[in-house]
Structures are given as C-alpha cells and as structure tokens.
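Two complexes, one shared chain (subunit A), two partners (subunit B, subunit C).
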Partner chain A sequence: MVADAAPSKLAADRPRALTSLPLRAWLARRLEALAIPVGAALVGFLLFGLFLIALGKSPLQLIDIVWRGGFGSPFALGNSLQRAAPLLFAALCVALPARLGLVVIGGEGAIVLGGLAAAAIAPPLAGWPAPLAIPLMAGAAALAGAVWIGAVGWLQAYRNVNATIASLLMSSIAIALANHLIEGALRDPASLNKPSTLPVGDAFMLGPMPVIGVHWGLGCGVLACVIAYLLMDRTTLGFAARIAGGNVKAAQIQGLPVGRLIVGFTALGGAFAALAGYFEVAAVQGNANGTLAAGYGYTGILVAFLARQNPLAIMPVAFLLGGIEASSGLIQRRMQLPDATVLVLEGLLFLVVLLSETLYGRFKPFNPHLWTEKREAAAAGGAA
Partner chain B sequence: MSDTPTPRALGVETIGMTKRFGAFAALEDVSMKIEAGGFHALLGENGAGKSTFVKCVMGFYAPTAGSVLVDGREVEITNPKGAQGRGLGMVYQHFTLVPSLTGAENLVISRADAPAILDWKAERAALAAFMEGMPFRLNLDRPVAELAAGEKQKLEIVKQLYLKARFLILDEPTSVLTPDEAEEVLGLLRAMADRGDLTVLMISHKFREVETFARTLSVLRRGRLVGGGAVGALSRADMAAMMIGERVVRPIAARVGEPDPAREILRVVDLDATDASGLRRIAIPDLRVRAREIVGIAGVSGNGQKELADVLGGRIRAAGGRVVVADEPYTGTRAQSRARRVRFIPEEPLREACAPRMSVAENLAFRAFDRRGDDPSGPPTFWLDRRAMTRRAKDLIERFKVKTASSEAPIATLSGGNVQRAVLARELTDPVDLLIVVNPCFGLDFAAVAEIRTRIVTARNEGAAVLLISEDLDEILELSDRIVVMSEGRLVYETAAASAEAGTIGRHMAGHH
Partner chain C sequence: MSDDLGLWSVPLAILGGAIRVSTPFLFVSLGETITERSGRINLGLEGTLVFGAMSAYATAVLTASPWAGVAVAGLAGGAFGLLHGYICKFPRVNDVAIGIALMLFGTGLAFFFGKPFIQPPAPPLPAIPFGAWSDLPQVQAALRVNVLFLVGAALSVALWWGFRNTKAGLVLRVVGDSADAARALGYDVDRVRLVATALGGVLAGIGGSYLSLYYPGSWNEGISSGQGLMAVALVIFARWNPLACFGAALLFGGAGALGPALQSVGISQGYYLFYAAPYVLTLALLVATSSPDRVLAGAPGELSLSK
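On to the complex of A and B.
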C-alpha cells in the first residue's frame, strides 16, 4: 500500500498544505460541477453550428434569432419564462428519482394526467370560493401524478421492474388514457374541432404574477426547485435517499427503508410534473386538451441532465431551454428550417451531456485527491 | 471429427511461477509438473493462490516471473484464446454457457473458427459424430436454461473437449453438483485420463474427492507450493496439515475478561433462509453469542456464510425461525439496530458498506446523520446538520488514522485499508452490544489487518458480543472465543477456541463430519 509506506513524510507535508488546501479543494470540486456541463453544452452548440453550416445556414443568424426570439425583448423574455415554468416541474420529476439512482423519463405522462385531473375536478367545484377550489384542483393534479410515477417507483422497489422502461410505458398509457377521456367521457360538447374538457371557468383561472407578468406557475416552479433542493441537500430524508442512490446495499445495511424512499421520491417527482399540467390548464389553456402533451416532459429530461440533477441549477437551464423553444417559431420562419430543428439541437446537447458524464474525476485541476496522490507517490518514492 | 486420430493428453509443467499484485505476492515461485494423462488435484485454503496459479497457466494473468511448459516445450500464453489454441481448457466454478441457446448452439459458437454463416445440417452431423466419442450422453437440442446443474457442468466439460482441450483445468467442479453427479463426472474424466486422452488438473477442497479420483496432488499455502505427492501416500491429516500449516493457536494477549454467561446478546433459533436465487439454503437450529464473546464462523466460501450475514444484516428475510437480539426479535431495521446497538460490517466495505462517489465525510455519517445528539432512542431529526457532519468526520479521520486527501474526497479514492478504517470508525465509535463482521481483513495489508483485528477484540473487551464470519481460518483462530464451522448451510462443528485444533476444523470445513 503506497499510502501506508511513508506516513511520516506525509504527516510532515500536511501542516504546510492544510492552510490553503481545503478552500482550493472546495473550489476545485465546485468548478468541476460547473465547467463540465457548461463545456459540454458549448460543444453541443458547436456541433449544431456545424449542422447548420452543412445545411447552408448561418449559425450567427441563428444566435441572433434565438436572442431576439427568446431573450431580447420583454415580450420574448415573458414567452421564455412562460415556457420555462413547466420545464422546472418536469425536470424535478427526473432530478428527484435520479438521486436514488433511478432514471425516470415518464414526466410527460404525469403532466398530461395532472392537467386532466385538474380540469376534471373543476366543473363539479363550480361556485365554490376560488381560494378553496384552486388548491383542490392543484391537489388533484399532484395526487394523480404522484400515484402515476409513484407506481413506477413501487414497481422498481418491490418488483424489480426497470424504472426507465416502466416510466416510459406508463407515460404512453397516461397520454392514451387522457386522449380517450378528453375525446370521450370528459369532452366538452361545445369543443368541435379541438376536443377539450369543459373549461375550468374564469373564476378558477390564475392570473399573471405582479411585475414579471408571467403566470404563477413560474413562481411555484421556482419555489418547487428551492424546496426540492432543501429536501435533497439539507434534510436527513434527502441524505438517506442519496445513500440509497449511491449504494443500495449500503443503505440496506444501515437499515434505511429503501423501498419507501424510492416510492416517496418518485411520487414527489410525479406530483411536481403533474403541477406543470395543472398550470398549463389553469393558467394557459383554460381546459385540458391534446396540447398538454407538448413535449415539456421530454425537454425536462434534458434540463435535469444538463443541470446534473441539481434542483437549483435546473432554474437557469430551464430558462435557457425555454428561450430556445420560444424562438423556435422564429427560427422556422426566418431561416426556412423545419420545426424539428430545435429537436436536433436538443438531441445533440443531450448526447454531449451524457458523454460528458464520463469526464468527472478525470481532470487533475478539479480533483484534489489526484493532487495528493502525486505527493504521496513522491513521498513513497523518496522513502523507498 | 471421429475419424481424426484420438488426441493424446498433454503434460504441463510450470517453473518458478510468480505473480505479484503490487507488494502482495499471490503466487511465489511455484514449480509444478503434471504428467500427461495425469489427474492432479490442487489443494489449498481460500487465498492460497490456487486460482491465481491456474489463471497464470491459462493466460488470464501475465505472471510476474516463471514459465509454462507444454509437453516439455516452453510456450508463451498471453491470453485464454492462446491457451485454447494449445489444447488447454478450463471449466469455471460458474457457468459460462449462454442460457437461451441450445447445447449444440453453445458448442458451435464457442469455436474460434466458427464460420459467419453456419451450415446447421453439417454442424449437427459433425456434433453427432463428436458426441459418439464423448463419455457423457447429452441432449444438445434443449436450451441450456432447461438443463439441470449437473448437465450444464457436463456440457461445460464437453465444450472444452469439443474445443480440443487435452489438458483440462476444473475449478471446484463439484461445488454445484450432487454427490452422485460429482461421482459420475469425475469418474468418467478419470477414465479418460487413464486412457491417456486427457490430463486433468482439479482445484478442490474435498479430501474424499481427491482421494477417490486424483492420482497426484499439490498443496498451496499463501502462494507457495508446500507439498504434494501421490494420493495414496498422504493421509487426510497430512493434507490438512499442509493446507493449514504448522499453526499453533496463538495466545491472544489482547483479549481481556471472560464471556458473560448470563448475557446472551444474539440468539438465532431454527433459522431457515434461502438466497435470492433460491439455490443456497441455510438451516441453523441454534446459534448464540454472549456478551464479551467472539464467535468465529469458519467455512469454505459459499457454504451459507453470506446468506447468514444477509439475514442478520436485514437484506434477506428468513423463511422460518427467529433472530433474537437482546431478547427481542430483530429484523435489521434502522430503529432496531440503533436501539439495540447492533453494528454490521459487511465484506468488501467499498462495495457493500459505502457509497463510492459520496465523500468520506458523508460516508462516515451514514450511521449517525439522522440522530438527535447522542440520544439513540429519539426520533430521527429532519434537518441535516452538515457542520456537525464535517466536524465528526474530521474527528473520526484523526482518531482512526484514515488517510485521505480531505474529508470531502470521494471515498472511492481511498485505499482498501483506509476504506475499512473509515467503516470501522463509523461503526465502532459508539458503544456496541452486538457486532457482526464478515471477512473484515480480506485483501488488506498486514499493518491494516493487525489494527483492524485489534479494534474488533477491543470492542469485545468492552462488552460487545461479536459474530465473526470469516473464510480466513487464521483470523478465526486468532480472534475467537468459540469457533463454529459452517458447511453446506449448516453449523457442523463447534469448539472452544482454547481447545481448537486447526486440522480438525479444516476437515470439517472440507465437508467431513
């Protein structure tokens, strides 16, 4: 054992190094968590630029359009933020189970079911005071999502069914079920061309937030991210979940209730995703219809991975991707590109981000244990 | 295939075979000669170097020094394929067949020269002819998954013969077979060896098997060849003595005080359990560990120790019977282990007891992160106290001399000894009533071993009941007050450490009761 060979040398090395080492080490680790995803995103954009050049389009023009369409004016900013709101919730549906080591990709289904549940419960509540009815609608949505994605967790924890596959299939079932109900039992007879549920009614609709002018889903999404962060990083529950995600065997040996943790955190993720659907219904659409499955659940996966499953980092990433999606119409019209272009960009980003996962722990400047290893080796060499 | 002349057995010899992993010598200067047509048994305890030896011969490992001679000519074997090309084959303890394919398909795809497009009609005819010359009758048209363990083992052997192996290495071939199947398979192989068609080198723990089927044997201990000879010339006591060594049970100065006969901390009653695969079953009618007592469970790997540990650690549920800790049923929940001060230290701490990518400080907090101050009985706290976590970690790192770049480094960056130190630091800081440890020193260097054993004895001296499950008989002999031997899922022999005799224990470990 190299390290054991020369304890005296190492000890002699310590006092001098200790003064600055912890701070530098702390900084280095934080920097790694920032530099690798940002670097990966840049590579993704670069590849997309090459893709555009291959199509004979100008990447610079694209940047200009994304800036104007997504961020350059108060209107564009509002549009981006409105699109960021459901992404916040959808990303949490990926990030929370990810801490337990599960890759859940079925947020889209939870969004649709959440929206549907909120829209379905609204007509019977007609006439109730809004402060009572609004939480009930949100609660119904959250419950639907929690049951749906919680079931995925249950299948994984107690029946060893792969959560990734289960969530994808459950999502398809949810969307099919919602379509069936929207076009059948819950259909508003007045909705002719675009099958929809009955409108939730103006009394239960949410207005814009003051100052920003974007609907309350954004504020609640930010709040949800902060809550998720506190839960994950500041509570013993979150820590227990991370132990289970880090090594199930170790968690079992510590007597932690691994199964309940998995069900609990997947259910919470599902509840968050479902709230995205609730806000789409109660703040944007006014009823539940086919546009609930607009792909926020899938973009949310990308957001969560770009943010490295960190709830705080989800916020800026969701804003960025919300902006890109907001400018997608403009990209189509100005650059004569198909509407799948943004999907190409998102796919490239996803690929590069997944590849970048293999880079952690490899760069010496970011990894304090590599610094000392060299010292120890040198010390051992000296001793030998 | 049947019209080619019968292949002749190969003789294999190693000269000065040495394999080092870092400073650790797994194999030291082993020269062994196995005559063509011989049936040679390789004996030794776990970690004696048997597997390392055959892996060097088969080209899995590049030996640090030494050479291999096949039929008297030195050959360079750098990978298993090269070994196959020279007529050397090996059957592993675990099956290597593709379960969803039939026997015939498994055989054909294993061939190095299998064509890209198979002419199944021709292959089938060739296989039928080949099977004519085989000692076993096997149905090659059934998927391997449907075969019984014995048939799979036969198919593994047939596969090696099909690949034209004329020197066959068997790694504990009968561990998955019933006694009758073992008899049949080994008998047929012995007959092939006697005809001069095949040379067999068999790794085994079972003296009876060795005596019945092998002609010659070698014994390895701690990487060195310590003896051997013709099978008839050695008694079981001789073989056991060679395996175990001239060991006297060392008086252990560190153990202070006698076991407390009045306080039975752990009681296992009529326990019946099977592992997740349902293949390994353990049945333990009665096992007790008292306060200030170390009970060592000795046994050859895979005789139910892991399953016993999993039940005690709460990872598998017992089908029947009870585990009782401090007079109350115990299933390994966090609340129970906390209230009754039970600590469990599994084997391979990095894989079983740590989250490799979490920091040392976080890993050190696994036991106490949700505890309210020093009060173990209170409900878990809600908020995580990171400052206290870091403070505790620094204190533990200091006290247990864990060598790490910082408390924030991922625990996977630590050496094996330091990971084990960290796990012990986490588990042994508070008063312990029951400590369950599994192979605590596996793969560690001598300094770490001495230190870790001292910690275990110290816990005992302070009044803990200790259940030590270990495949290292030295460790059991050195630490235990009482020794129990586990074999095939049962406790087959018990003795006080004071009157323990390594040879007797070794025989019981090998399945002779």
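On to the complex of A and C.
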C-alpha cells in the first residue's frame, strides 16, 4: 500500500535506513531481552522489600545479609557456587524441552534416579581404576535420566500425552521407586537411622576443582550450559528444534523430524538433571539417600524461567539464587525470620518475571517493527 | 481383640484410610475440575492446599473454632485463585508456569507465617461415628467419618448435576470448550475463568483445612507431601467428571492407606510402591486414552493440556 502511494520517497529513504536501522534494531531487541527480566526481578525485590517493611523488618539489612552470606567472602562464594551447581543442571532439564514448547517439571525425579544409578553401579566397580569407573558412574546416571525424561518426550511426541503432567507423574514415580530401593534392595545394612545405599568409596569420590575449591559439578554444569547454548543457537539441530517449538505443523511440512527432536532434547535435559544427582552422590553425599530429593529440581524450574530458558542466562541466575539460598541460615539467625523467607522471595520473583512476559513487544524503543510502522505511516501520510 | 479380624483388618483399614485420606483429594480435585472446565489449569493448588492448612490451623488456635478455620482457609484459597485467574488473563502469560510459581509462593507464605503454630494444639473438626453399632474398635475407627467428607461427597453430586443442568454450568463449559463461541454469545471469558479459578482456590483451601484440623490433624511443613499436585493428576484420571472425582479420590486415598494397612499386619515391603500406585494408574490411563491423532478424550477444548 505504501509502495503504491510513494515509491520514489521510499527509495530515497532506503540508503539511510539500511546503514543505521539493522544495528539499532538488533541492539533494541537485545536490550529488551535484558531490560524486561531484570526490571521485573527488581520489581520482585521491591515488592519483597515492602513485604518486609510491613512486617517491621529492614530490607536494607536483608540486602546486607544476603551479600555477606552469599557473595561477600570466599567462603560465602564457595557455598553459593556449590548450591548453584545442581541448579545449572536442573534448569537445563527445563530449558532444553522449553525450546520445543514443552513445560517439563519432572527434573527432581531425574536427579534422584541419576544419583541412585551412580550409587548403585559403584559397589560392583570397586577395585576398578577411577578414570574408568568415574565416567561409568556418570554415564549410568545420565542414562537413567535420559531414559526417564526421554520417555516423557516420547509420550508427548508419539502418544500426545501432555509433557507437563507426564513429567510430574514420572517424577513422583521415580522418587517412590528410589525410596523403595534405598530402603530395600540397595540399602546399606549399616545405615540404621538414615537409610542409604552402600558408600561409593573414597576412590570414586570427586575432589574440589583447583583454585575455586568447589566440586567438579560446578565446572561441568557451566560446561553443560555452554554446550546447551551452542546446540540451541549455533547448530541446525537447535534451529530445527526452535522451529518445531514455534509451529509444529510448519516444522512437519518442512520435513523436520519433530518426534525425534522432542525425544532427543527431553532425553538430553533428563541426562543433565541426572548429572546433578550424580554430583550430589559422588562429590557431596558419598551415597544415595533421601536428601537427593532436596528440591533442586523445583528450584531449577524457577531458574530456567527467570533465565527465560536461555542456557547462558541460567548461569548468573543459578549463581544469584544459589547465593540467596546460601544466606538463608544467616537470614534466620540475624533477622529472626523463618527459613521460608527465601521461598517467599523466590515465589514472588517467579510470579513477577512470568507476568513480565506480557510486556514484550509493547515498548516502542525496544521494538523495530513499531518504528517502521510509524515510518510507513508517516511516509503514507506525507504522500497523501 | 485386634487379632480377631486377622487379614480382614486390611480391607477394613483401607476403607477407613480411604475415607480419611481422600477428603483433601476430593476438595482439591473438585476445585481443579471447576477451573479446568473453564479452560485453565491451576497447578498452584498444592500451594493453596498448604496455605489453607496453615491458615485454618492458625485461625482455629486463635479463635478456638475449627469452623472459623475452615472459613478462613476457604477465603485464603479464594484469594490465591483470584491472583492466578487475574494474572493469567494477560496475553502470553503461561497458566501452567504461573501455577508452579504460585505453588512456590503459597507454600513459602504458609511456612513463613506458620512457624509459630507448629506447637500449639487446635480444636479438631468433628466426626460422626457411623461405626458406633459395632463392638470392634477397628470398625468404629474405620467408620468415623468427618463432616467435610460428607460435604465433599454432596458437592461432587451437586457439581455433576450443576455442570449439566444449570446456566452457570453451561456457560462454564462453553468458555472451557471454545472461548470464541463464548465471546460470540456475549460472555466475558476472562471473568468466567477468574470466577472458576477463585472457586477452585476456595475448595482447595478447604481441603487444606481438613489436613490440619482433622487428619493428620496438626500443622507442620510436611503436611501435604504433594497431595495438591496429585489431585491435579486425579482430575485427568476422573476425566473432568465430578462424580468420578469422588471415586478417584477414594481410590487414591485407598492406595495411600494400603501401605500403612499392610504394615500393621507385618508386610512392610513395597510401602513406597503402593504410594506411587495412583501415579502409575494415572499415567497408564493418560497413555491409554491419548493417541497420535487425538488428544485426551473428554478434555475441555481450551485447556492447554489438550492443545
């Protein structure tokens, strides 16, 4: 319509537009993707501050305590990073299927099964060289998680069973199964008060990473996030997954193997979550017991959504939440607040960030398509 | 005395356990049925259930009236439902994710404000001893039925009837099956869903009050252990039918009671597997009733589960 009205005017406009617009448009979109979630998180913190003020507590004191308890000293940093490690893996179990449009919330079950698989395979491997046994344990964990969450993907892709509900059910079944085995067939007879599997043995335990002093789960978690990012944003496979997530029919018409993509990405997510369980067993606990279901899978859902399912953004978000959770004890002691304070803050952040989804595409400075509409409207108006 | 019954004590204990354990399932699943029939899913009812349990217990401690506790739990649940229903009307806001966030938020608030109420005792809700005719203590225990269970049973019949035979039920179903059709008829889709989600929250809150005021009958942070989430699965199991919710709640409750009942006669193996039985059943039912070219027979058309 504009072309009919003033072709010459548009053509005259074009050289100027081409040089400046794409870069500005690219920048604007990046800024939107950063500004909206960060702004939403700030609103969440602000609301939580008001909540504290209403209870007669000081938000500034809370900030001070979270800083000291989560980030302010090498010890606090190490504590935060140690808590962030399983969150990295657990969040990937949400973020990878999310690119295909699936909400998978069963990471907790994959974590528990992964830890259990690693602990179960360790005693038969006793005496093997560690460089051989450690990958086998990690592999057993990853396989268990991949099968478990991959099955959720398979059910969605080939049987049309909703992945959210299926993963929820599979997670509960996994936790029940793990409890059954930990208290039954796999129980270490010596563990009386706290049912556990046989210890994996010192030879197969992972030490801390050099310099940072945090266990290897952190390094592997960061690596997993980078791999997930490259896979999603830099390969044709990831591109195909995003198309399938956007429009299944279009993807099928293009001949993309939607079913296999779904199974593959859910299985990969499950394998990652299971590695969180593996590191809990092989770097922290030393055996598989009830504390494997510590809620990392659920916090991982929060991390993934706060990071807007972006594997690179998962890293800072997991670090932030790890730090907040690490300072929970100090919050209790210094401010006489219950340990659920962190849970309230997390719930509030989650709500506000989800609500901010509705803001995308509404602010003109962030949205090039709104600029061009104005430009075209002006051009059409000028011609008339 | 207790040996007289022998193995018969197992089915009796399961029946009694089913009646005792099923009430929260029943209320949450009826609430979720109303919400899902309007085309939205609220996974946050787990948080509502826990907050209902806390607020009911706290109110009962402070006022010495368990029924005031039930009322407050219902109101609090309704507030959570309103929050969910209001937030979800905005474009591009995912109702499933909001539910997960509200689950976290509700549980967090319940634990936050519930700390001072873990110790003091609260007056329990009354029960009706339908087993008074029997001399056997097991029979008496099994047939002590709480008033809320009867209310829930009546409610499931009323909802089943109301969905079919009242204008409100029809509007709810139209909104849930086709938002476009409802708009064409002049109904405010967002408002119907807001009311449906709020009602769902009220029922979930009341379900929570049963947990803390009758069975197990105290407030602690492990009180729900995922029953609110299980009830969401139960709704699918019951195919969005309130009458079937009643049966499914008894079944789920019975499965939960099977483990302790078997333990009491010396069978302690497989406790956790019995606990997981309802999940396996629901998953099997989901798989059996879905197929590659058809999604979830009987599901409301607007539900994100069936899209």
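Operating definition for what follows: the second predicted complex is superposed on the first by the 375 of 384 C-alpha atoms of A that agree within 3 Å, B and C clash if a C-alpha of one lies under 4 Å from a C-alpha of the other, contacts with A are read in each partner's own complex, and residues count from 1 in each chain.
Criterion: a contact is a pair of C-beta atoms (placed from the backbone, for glycine too) under 8 Å apart; a residue touches a chain by one contact, two chains touch by 3 or more.
This one's a predicted model, so the numbers in the text were calculated from it and none came from an experiment.
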{"item": "Contacts of A:238 with subunit B and subunit C, given as first, second, both or neither", "value": "first"}
{"item": "Partner chain in contact with A:355 - subunit B first, subunit C second, else both or neither", "value": "second"}
{"item": "Touching partner for A:61 - first (subunit B), second (subunit C), both, neither", "value": "neither"}
{"item": "Subunit B versus subunit C as contact partner of A:291, first or second or both or neither", "value": "neither"}
{"item": "Touched partner set for A:368, first subunit B, second subunit C, both or neither", "value": "first"}
{"item": "Which superposed partner A:246 touches (first subunit B, second subunit C, both, neither)", "value": "first"}
{"item": "Touched partner set for A:343, first subunit B, second subunit C, both or neither", "value": "second"}
{"item": "First (subunit B), second (subunit C), both or neither touched by A:29", "value": "first"}
{"item": "First, second, both or neither for A:256, with subunit B first and subunit C second", "value": "first"}
{"item": "Sites on subunit A touched by subunit C in the complex", "value": "103, 105, 155, 158-162, 164-166, 168-170, 172-173, 176-177, 179-180, 183-184, 298, 301-302, 305, 337-348, 350-351, 354-355, 357-358, 360"}
{"item": "Subunit B-touching residues of subunit A, taken from the complex the two chains share", "value": "1-4, 7, 10, 21-22, 25-26, 29, 233-240, 242-243, 245-247, 249-250, 252-257, 361, 368-369, 371-373"}
{"item": "Contacting residues of subunit B [partner subunit A, same complex]", "value": "22-23, 313-315, 332-338, 344, 346, 351-358, 362, 365-367, 369-370, 380-384, 386, 403-406, 408-410, 413, 415-418, 445, 447-448"}
{"item": "Contact footprint of subunit A on subunit C as seen in their complex", "value": "43, 47, 87, 90-94, 96-98, 100-102, 104-112, 115, 226, 229-230, 232-233, 236, 269-273, 275-276, 279-280, 282-283, 286-287, 290-296, 305-306"}
